[in-house]
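Shared between the two complexes below is subunit A, which has subunit B as its partner in the first and subunit C in the second.
Now for the complex of A and B:
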């Protein structure tokens, strides 16, 4: 059953230099219990996608399309409605743990905040709840640690605290935006392991540029390029048999496959070429690739790909 | 000496002033306007600082006068800093057109000198201490709004404010629970420096007789002594006590302000080798 159905979602930013399209007609369905990874290069619009579902984009963003969640369209919901959804129904683990916590509030207060906002839990119950959350995320001596401030923790610990905040109200969907950015390899492995355990029977939208993180956590993966989805499928299949040349390139560029970078750079928003957007960098481009823009087509049982070679 | 020592010294001095103001009826031997002896008596055992031209006890006047002076300084500062903080946070957080418009208005109001403006306003309306205090708090908040708005603006863009929005916090909650605590250092330092500023200004306004001249406060005491020629007649006990009292609290507040600013803002720290 689909928990969040995003269809035809486009985002444009209005600036002094005119309107810049960032996301183009995104269709993505997240079913209950699925962990969907959204992967792509920096600047391809992954974070904007997460933010547009949460309706946290700045006021100069023009969002069209729909994001249906629990019978309503989040894109059309008003601010008051969204405040009831954020943190309670859809929670976010934001990137960059160093700045994602308020430096002048204790972490106990910050973990308690979603509970204060969305539940009637107060006083001793609240205290117990926070301790239970900290314990479940492997933070030792919770009584003592909840009195501390964010700067007294390491990056890995802060990440755990952010995960605790996101899990506090037991939300239906968790959007994790680069949950392991800025962590060293060892801590990253620990956090990934932790996320894998806690996300096992939850619904997750994972936003990352790291293929390793995606394959470790996600049941399904969507590949994004220059603001559109170019390939979608079960993670295992997609990484073993990548269909789109861009996905193939991404996998070949990963350290384990020998670091073969994709030639060229991805187009700046609003300056995409005619035809297939990946065409100028594609090693197997055909003549019509530079004129015809491919659409996202179903291939096989549950794969989708945006490439003329599979038409 | 460390800045902490300076801070504690100034806090001790301020505590002394506040104790005197609070316990005035128990400390002062006579009433502020009570005529208790021969005029212009030099200090002796009965009258610690002597008496003035109508035979009022100067020590008692000094003790009671601390109330008006302190209340004026701190209430104006409190009002001014409250307005600055609320307006600054709201402008910084919401930004956009309202911010633009209010900032331009503030730009226009900024260069207007408050003291002369107050003199003009008080000549027309003849207000009391409370009204002048309110007027001054409002007018003086212009600079404070800009001071608070700037850090609020950058705080509004930080990831943890976005984080607060992402857990469903309302704007009011974000401003009061997330932005305000981050601004407390600036707000506190501004409050201390404003109190000093307003306190001295209050003494000045009273000295030139801009509010009810029957009110006994340090400004009017100096004014009485000054206009009666205390200086040329060598009546030092009449003019020095209120003068020293003003200088003392003003120094203590300045010292507290600087130490607070230094401890909150690491960039002001000088190299101590």
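Now for the complex of A and C:
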């Protein structure tokens, strides 16, 4: 059953220099119990996608399309409705744990905040709840640590705190934006293991540029390029048999495959070529590719790909 | 918070800074061209008997070498002797205190109110930065600030005192003081206009700083985190943004409070207010060195004290600052 159904979602930013399109007609369905990864390089619009579902984009963003969740369209919901969704129904694990926690509040206060806001949990119950959360995320001496401030923790610990904050109200969907950015390899492996355990029977939208993180956590993966989805499928299939040349390029560029870079750079927002957006960098481009923009097509039983070769 | 040893060391440094300050002040003042006799007395009369001049130099120890004068000065300071004014022949410290208390009548309420108003308006404006109301307020503040203080003071006197006659033209009390004695209400009546003006000047400065600080805080990731929890805008502002935005203000406002000690020359001149700003310019013109040294000594004390206070205050507000942590 689909928990969140995003269809035709486009985002544009209005600036002094005109309107800049960032997301283009995104369709993505997340079913209950699925972990969907959204992968792509920096600047392709992954984070904007998460923020537009949460309705946390700045005021100069123009969002069209729909994001249906529990019978309503989040894009049309008013601010008060969204405040009831954020943190309670859909929670976010923000990018960059070093800056995502308020430096002047204790972590206990910050974890308790969504609970006081969305539940009737108060006083001793609240205290116990926070301790239980910290313990379940592997933070030792929770009684003592909840009195501390963010700067007193290491990057890995802060990441655990952010995860605890997101899990506090037991939300239906968790949006995790680069949950392992800025961590060293060992800590990253620990956080990934922890996320895999806690996300096992939860619904997750994982936003990442790291293929390893995606394959470790996600049941399904969507590949984004220049603001549109170019390929979608079950993670294992997608990584074993990548269909789109861009996905193939991404996998070939990963360290284990020998660091083969994709030639060229991705187009700046609003300056996409006519035809297929990936065409100028594609090694197997055909004549048609520079004129016809492919649509996202179903191939096989559960794969989707945006490439003329599969038409 | 603060480690005791560190605090002691900090106080030690402050003492050292104080001595460097008064040493520099002493030498700069004594190296100024001209002195009380040549600058002032000679302009009044060309025939001062040589004996009187010699006696003046001898009486104030000005005939001794500068180094010796300095040592005597430091010894006197350490014993609480601030010296005697050349012009008035009175002890310096009570003179300064008397003028200072008059300055404080205007400056203390003005600086405190100005800081509060500036911070509140700045926080509001920064929180709505880019909006129409913010831009309107921002531009009003720019115009207000771009025109010098004394022009506003003269305009205020012209409009409110001369035309509308709501307030007196200047001075600190009515002539009736000669019969009925000093009346606090009368002083307040004279002080309202300068207080309002001074409050606005202090408020504009703090407004800019607070607005900028707030704009910087709004862009931080933890504000997005707070919104993502489902907090409404008011809670995000009060719980998450305000305290962070106030942190850089602590140092600045502490210095402003310390700066009261120097008075405000413009306001005191325009309103003929007998404050310490007027006393300072007066003493400078007359080369009244003991008086100047006394004023600057007090200023050094207050500023160094304010630095210490700002650091201690900041360490209580910002958990990341732990004074003494290595």
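Heads up, the rule we're going with is that the second predicted complex is superposed on the first by the 311 of 311 C-alpha atoms of A that agree within 3 Å, B and C clash if a C-alpha of one lies under 4 Å from a C-alpha of the other, contacts with A are read in each partner's own complex, and residues count from 1 in each chain.
The working rule: contacts are C-beta pairs under 8 Å (C-beta built on N, C-alpha and C of every residue); 3 or more make two chains touch, one makes a residue touch a chain.
Computed from a prediction, not measured in an experiment: that's the story for all the values here.
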Clash or fit (per the criteria above) of subunit B with subunit C on subunit A: clash
Which superposed partner A:118 touches (first subunit B, second subunit C, both, neither): both
Touched partner set for A:86, first subunit B, second subunit C, both or neither: both
Which superposed partner A:149 touches (first subunit B, second subunit C, both, neither): second
Partner chain in contact with A:220 - subunit B first, subunit C second, else both or neither: neither
Which superposed partner A:46 touches (first subunit B, second subunit C, both, neither): neither
When the two complexes are fitted on chain A, the stretch of subunit C hitting subunit B, from 9-17, 45-53 or 81-89: 9-17
Contact residues common to both interfaces of subunit A (with subunit B and with subunit C): 54, 56, 82-88, 91-92, 94-96, 99-105, 113-114, 117-118, 162, 165
Residues on subunit A engaged by subunit B in the complex (per definition of touch): 54, 56, 59, 82-88, 91-92, 94-96, 99-105, 113-114, 117-118, 162, 165
Touching residues (chain side subunit C, partner subunit A) in the complex: 220-222, 224-232, 239-240, 243-244, 247, 317-320
Residue ranges of subunit A touching subunit C (in the complex, touch as defined): 54, 56, 79-80, 82-88, 91-92, 94-96, 99-105, 113-114, 117-118, 149, 151, 162, 165
Contacting residues of subunit B [partner subunit A, same complex]: 96, 158-160, 162-170, 173, 177-178, 181-182, 184
